[in-house]
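The two complexes that follow have chain A in common; it is paired with chain B in the first and with chain C in the second.
This part shows the complex of A and B:
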């Protein structure tokens, strides 16, 4: 059982927005990582992709990102499943069409990120909105690489992160 | 010029960096691909809704009530 929960870095987007948030030179001294994101994007839409790439030194842009997911759309009573392989992880966050000043939430758990095993991860994400068109997405991810992770890049599918979007990276130790 | 926030976790320093031309091109390609994907998803959803409506109309023409048709999809 993890007994530590150490904030490594927090980023808050300024008034000019940001195309991405990149965590680099991540210490290899933790057992697991947790990434918590509160974000919305300038591009039009209620539910937009929030993309994540990981790597060692540079982010991996190859088709090495595998996923299984469940998406819930409460307003339509829909639960949809999916899976596949892509060149990035895709979760969700709100675009500019949702209620003003409302941000979505994403959590990514990355166990054993410094090991030589392939990297499995789990995520949950919601798009907040003070009306309809919200979504919930639960995913299992696999970065199909034995490299350790010391770089994580977060970026929207289009547009830029709005001011006050935040991303915090935590380290977890098992001892 | 669009920028990105780069956090050096070894120092805690966050730097605002302008995107390179290659990064901008990649973001634009990503955005175009996302728009195309969304359009395809919306077209598929529309086709599914139209097929459902057509099927319900045919069932109604066969004499099924609205409640009976609704029961089929539960």
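This part shows the complex of A and C:
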């Protein structure tokens, strides 16, 4: 029986940093995609936006993204958000103000990415650094398009990805 | 490399149905993952899990969930199911991804970790327990209102193997 949790591509940022991590020409032969990200940005701050766009051919920069989220913040209640539309999807990763060598982790699950349905996805993200400047964020999001996904771009809201930031895209097959 | 994440079965509804069953699940894996992509035909509802035809009150679950404006958490004891998501009846098919760890052992109760994402209703994280030491051989997915699940909804069962 086939092994279906297949690594498609891994990108690791080199010493010069990188403004984005891009996956293009993604094979349409899987059922679902899983994207695992370990990242940190050069911009000042503790918890900063990590942005994601998807598309077919080119990434979609239109206001075609919608999301719901639950954010856990130390010493605060869980905060709900989202509901509107935006031109990108925002999750989180740490900035340069947190302890050195601390990277955030994000997992994105993209079911049925090659279908003609609108794309409903999920993201779990954490920035943990042994201080109160941390967050846990669970998100549901939608790319409001019936196009298949063959391009994914990840980029920080400001600054560049630090060296050793890495992202791996996996393919899941249901047969 | 050993195969560790194997598709066991997929059901794609050719026509609307109220439930989906995976039966005769082999006990040869370590964990199970169920990926559900679901919408309802006429009204929003809850999808839920049961195991081995047990519809008695042997289930409990704790969840937290959020809409665009509110977050909440709650728990339910002595239920006859585990709630794993709240699909709507809109044009968006959302998803519920569920992990069932150590499903085939005959010593411990079984646990479920669930994440569901229904953008026009709510997202939810749930942990559930089935108070049975029986190995899970059947998984039954239905909904609390007996409503029809939309044609095209898909349910895939994967097996995860430890080394």
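Convention: the second predicted complex is superposed on the first by the 164 of 175 C-alpha atoms of A that agree within 3 Å, B and C clash if a C-alpha of one lies under 4 Å from a C-alpha of the other, contacts with A are read in each partner's own complex, and residues count from 1 in each chain.
One rule holds for everything that comes next: a contact is a pair of C-beta atoms (placed from the backbone, for glycine too) under 8 Å apart; a residue touches a chain by one contact, two chains touch by 3 or more.
Since the structure is predicted, the reported quantities are computational estimates derived from the model, not experimental observations.
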{"item": "Which superposed partner A:21 touches (first chain B, second chain C, both, neither)", "value": "first"}
{"item": "Partner chain(s) touched by A:125 [first = chain B, second = chain C, both, neither]", "value": "neither"}
{"item": "Which superposed partner A:13 touches (first chain B, second chain C, both, neither)", "value": "first"}
{"item": "Touching partner for A:149 - first (chain B), second (chain C), both, neither", "value": "neither"}
{"item": "Contacts of A:37 with chain B and chain C, given as first, second, both or neither", "value": "neither"}
{"item": "Winner by number of chain A residues touched, once chain B and chain C are compared", "value": "C"}
{"item": "Which superposed partner A:69 touches (first chain B, second chain C, both, neither)", "value": "second"}
{"item": "Partner chain in contact with A:108 - chain B first, chain C second, else both or neither", "value": "neither"}
{"item": "Overlap of the chain B and chain C footprints on chain A, listed as residue numbers", "value": "none"}
{"item": "Contacting residues of chain C [partner chain A, same complex]", "value": "1-7, 10, 35, 37, 64-71, 73, 91-95, 97, 115-119, 122-123, 125, 152, 154, 156, 158"}
{"item": "Chain A residues touching chain B - in the complex, by the definition given at the top", "value": "8-9, 11, 13-14, 16, 18-27, 43, 45, 48-49, 51, 155, 157-160, 169"}
{"item": "Chain C-facing residues of chain A, complex", "value": "1-5, 31-32, 66-70, 77-84, 109, 111-112, 117-118, 120-122, 124, 138-142, 172-175"}
{"item": "Chain B - residues contacting chain A, complex", "value": "2-12, 14, 16, 19, 23, 27, 30-31, 34-35, 38"}
